[in-house]
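Here come two complexes built around chain A, the first alongside chain B, the second alongside chain C.
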Partner chain A sequence: MDRKRRAFLLALPASLALLIFFIVPMVYILVKTIATNGFQDFVDFFTDPFYLDILWTTIRVSLISTFVSLLLGYPTAYFMARTKSRMKKVMIIIILFPFLVSAVVRSYGWMVLLGTNGLINQLLLGIGIISEPLKMLNTEFAVIVGMIHLLIPYMVLALLGVLQSIDPNVEYAAYSLGANPLQTFAKVVFPLSTPGIISGCVLVFTMSMTSYVTPKLLGGSKFRMMATMVVQEINVNFDWGAAAAISYILLAVILVIQLLVTLSTANYMKRMGGGKNA
Partner chain B sequence: MATLELKNVTKIFGDFTAVKNFNLDVKDGEMIALLGGSGCGKTTTLRMIAGFTEPTEGAIFVGGKDVGKIPPYKRNVGIFFQNYALFPHMTVFENVAFGLKLQKLPKAEIEQRVSEILGMVKLFGLEKRYPRELSGGQQQRVALARALVTRPTILLLDEPLSNLDAKLRVEMQVEIKRIQKELGITTIIVTHDHEEAVSLADRVIVMNAGQILQVGTPYEIFDHPNSTFIADFMGFSTFIQGTMGGAAVEGKRPVTCSGKTIYVFAEAAEGIEPGSACVLALRSEHMELVQEPGENVVEGVMEAATYKGHTTRLEVTGCFDEKIYPAANEYIELEAEKPVMVHLPVERLCVYKNNA
Partner chain C sequence: MRDGQVNLLCKIVAIMVMIFLVAPLIIIIVVSFTPTALITFPPQGFSLRWYVNIFAGNTKFISGLINSLQVGLLATILDVFLGVLGALSICRYNFKGKDILLNYFTSPMYVPSIAFAFVLLQVYSQIGGINGMARIFIGHMIIILPYIVRNTVSVLHVFNWTLEDAATSLGANPIQVFFKITIPLAKPGIVSGAILAFLYSFDEVALSSLLTSPRFVTLPIRIMNYMELTFDPTLAAISTLLILASLVIIVLMDKFVGLDMFMKN
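== the complex of A and B ==
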């Protein structure tokens, strides 16, 4: 009992901070909005194609970013999990390096690259592949590129943890039983890495759904995602009720998607639970 | 089923030579043990046979054919891993059927062969379980069944008994030997445990620092190791320095150890010059406590006694400069400084040149 109480005390500071600075304001906003306008703000959101389009854009950008991050992050993570090179620590530092630069600075970096007079356009014009500069900045494409750049480290780290825990002998066992490298990946490595894929995707998807700086700076004034819309409602339209509604809908969408992922993979994860043998 | 031949195989990692000029001929159906401490190159040798790593020099032949260019998934080598390496996301049935499914065999044949091999390793009714739901011994049987079901030409066993408790060890030892003989598969066992090696193999190869030190039958290796290093590794406890005496009388030669004369068989001392330094080696269980003085009987005093259940291991000083460690088949209470007489049987004494 004493141990339990001590553990509780250890969790107390963080729990209190969460309660005071997160849960209380959230509840306050919800109560206030409903007290003033009832559920009108929520009804407005779901009946206005303008808002629904923003929700769909947010989900679409997040899904694409998550999928591409997984595609690019997996080989990197697998290589790092299996390499015996002494450079492995350096590789992890390089992966973590983007964390040292804020999303704002990174977005400005992409502006330099993607702009009408940016490096990429100048290069392509110079070689003569195109005759007119491509419009890349202030598009959904730019947002997705910036987002992937921002989120890949999280994906790699989530995958790396799980891939490292897969016993290399399991792969050797598959080879010895006649599975070529592709079959070994499809039947052994990939299924065993699903916990990392799921946690990496949920993490990256959530961060992308709630991102503000990247869509704001790389998407231009006409590109809207849920988080940028919240700020717009408050700063431009002075509509706190709409802002609250959008925040809650965003939260609900993320929770529902996470719940669906958890439920649909629960059976599989349970089987894998403590899946490491011997 | 096939012969296996390693010719001048060398493996170098950076500036470390893991295996050096290794030569080995394994007959069809033979069971060989590679015995040695950690880092002796035995596991590297196993991995080269499996094709997981390539020899830096030399070649490996299976059934007379050079397999150097054949990738591991086409070698048809069955491997049993020390940590079993079962597929945690597959049931027992799926684990064992993995190799057969890759061969695209008809479903009925897969089912028949899986149940046949599970019967052979005495695992019944556990087909739908996952590895983590099995005991260590059961997991081991699944791993063995999985390695055998594809009918490999060569079977590699990495420390097959090391993770088991004493009772299961004996059981699995008998099983592995029975199945291996029944299927007649050429088998290589890698182990650091001399009991595992001598109990399973037809021939034992002792390795150290990437090289072969001795090749012999389990009996030869266990009772007549060809160096003090191997004797020590094979569990010899007592080593006594001495000076080799003159010509043989009645097939025995005298050795002077700390002023005492111990007789050894002349054939055991072959090639050791009279007057040269030598070392006598003996196992604890081959020394006996006696009441009467006689040939090869030395007197000393008891310094320590460790009761081990079926034996008591003594530490005796005063006989030689070195301590000796006889074992008795009974419980002996420690009585410090108690005089004891120990017989060193001439037929059990191994003699080595002292190069040190």
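== the complex of A and C ==
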């Protein structure tokens, strides 16, 4: 039993830190919110069109961003997985950049480009395509563009791992048996890459649901998503009950998605006849 | 080859995506040298005045940088200690509930940082008297822990534990085994996890913006506050410096740990 005790002692510091500074506060504030106000704050959220609209905006922006990231990320990852050229290294560096460059900096880049006096408007006015500057910054469009810019790299990394593990010979076999490129993709490559698609989409969707910087900087003060609304409730409306409701509803949505995905991928793996590592 | 067209299409999309990803960053770098307050492209001349403004003006970017470095380094050092020990307990020993323990260690990843920030804010206001740096430090310490645990576990997972037994049978004591065998072999995971964790803390906004106090403001918050008041190319200058620092880090990472360590999602 000495080994068991050592494992316990090694796990103890991190477990205690998480318990004291993370689990206990998360549970305590939830209990306290319900104890002081009942479920009223949560009921208010789901009965007020204002809040429902914010939830719907958050889901809509996240769905669009996830879909476009997949649409653009899939061919990119496929090319990166198959190419043998030196470009691959450069692409990997470009893809890894989001881990390194702050979202504030990246949003700033889009502000410079999309603003009323921004570079895109200057260009379009200069050529004469438009006579008045387009309003792009502080719109949902700007938020989605910034979001996709932030999320594509995560999508590509998730897909790249799976696509690299598909043997190109499987594709050649399909071709030699008479399949055209579309059939090969639909019946061979796509099914084999579903685990990567699922994990990439879940990652990107949850990141976008909880994002704060991008909607704040590119959406302006009138554009509201769940995370920016939490801050607004605290700093502008001083409504801590509403802030609590939004925080825990957002958390619940994320946890439900994670749970559903874990269950359904376990199911999928079973159907594919694969074990844990398949 | 029949799949030539498919590959060409993928190549075109890939190149367009790369341009899309890099373009805003390159534009930031170019406009940071603009001499005018209004940003035009291409810039009408060349000037370093916005770089001077970072240090000379009352931007407080430098004090923000120092604060960010302090919080990031302290949280990372503490978490390397907590995370590596935690990862060892999961990978070194066999016991029921290993998977649950790993999920527990990485659980902060699944909680929206804004929700956690709100919770900490309420707790702080109840306890009272928690000073500027501790407010942010506690939050960062929790949300960056998963990165260190995960990357260390990914290395220890394929670790050959008989090496430890071999060292012991050759007369090494447990402390020597730990520092001369286990740690050096786990190093790529620890280092890559620590770098990711530090960068996460350094760039973190959602948590810091709720928990910040006037006495202790981190660099990203300083930049955002500046942005709301003045939208001049000083922002491009400080952004350029951050982009260049990131480039240096990526080159060093490639050289010392290999970029593969950072591509496991």
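In the analysis below, the second predicted complex is superposed on the first by the 235 of 278 C-alpha atoms of A that agree within 3 Å, B and C clash if a C-alpha of one lies under 4 Å from a C-alpha of the other, contacts with A are read in each partner's own complex, and residues count from 1 in each chain.
One rule holds in what follows: a contact is a pair of C-beta atoms (placed from the backbone, for glycine too) under 8 Å apart; a residue touches a chain by one contact, two chains touch by 3 or more.
Just so we're clear, the structure is a prediction, and the values are computed from it rather than from any experiment.
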{"item": "Chain B versus chain C as contact partner of A:V170, first or second or both or neither", "value": "first"}
{"item": "First, second, both or neither for A:R3, with chain B first and chain C second", "value": "second"}
{"item": "First, second, both or neither for A:F22, with chain B first and chain C second", "value": "second"}
{"item": "Touched chain A residues, chain B compared with chain C", "value": "C"}
{"item": "Contacts of A:V105 with chain B and chain C, given as first, second, both or neither", "value": "second"}
{"item": "Touching partner for A:A244 - first (chain B), second (chain C), both, neither", "value": "second"}
{"item": "Contacts of A:N180 with chain B and chain C, given as first, second, both or neither", "value": "both"}
{"item": "Partner chain in contact with A:V188 - chain B first, chain C second, else both or neither", "value": "first"}
{"item": "Contacts on chain A seen with chain B and repeated with chain C across the two complexes", "value": "175, 180-181, 184"}
{"item": "Residue numbers on chain C that touch chain A, as the complex places them", "value": "2-3, 5-7, 9-11, 13-14, 16-18, 20-25, 27-28, 31, 38-41, 81-83, 85-86, 88-90, 92-93, 95, 101, 104-105, 107-108, 110-123, 138, 141-142, 145, 149, 196, 199, 202-203, 205-206, 209-210, 220, 223-224, 227, 231, 235-236, 239, 242-243, 246, 249-250, 254, 259, 262-265"}
{"item": "Touching residues on chain B, where the partner in the complex is chain A", "value": "50-52, 71-79, 81, 83-89, 98-99, 102-103, 130-132, 136, 139, 146-147, 150, 163"}
{"item": "Chain A residues within the chain C interface of the complex", "value": "3-4, 6-11, 13-15, 17-18, 21-22, 25-26, 28-29, 32, 72-73, 75-76, 78-80, 82-83, 90-97, 99-106, 108-113, 117-119, 122-123, 149, 152-154, 156-158, 160-161, 171, 175, 180-181, 184-185, 199-200, 203, 206, 209-210, 212-213, 216-217, 226-227, 230-231, 234, 240, 243-244, 247-248, 250-251, 254-255, 258"}
{"item": "Residues of chain A defined as touching chain B within the complex", "value": "167, 169-170, 172-181, 183-184, 187-188, 191-192, 271-272, 274-278"}
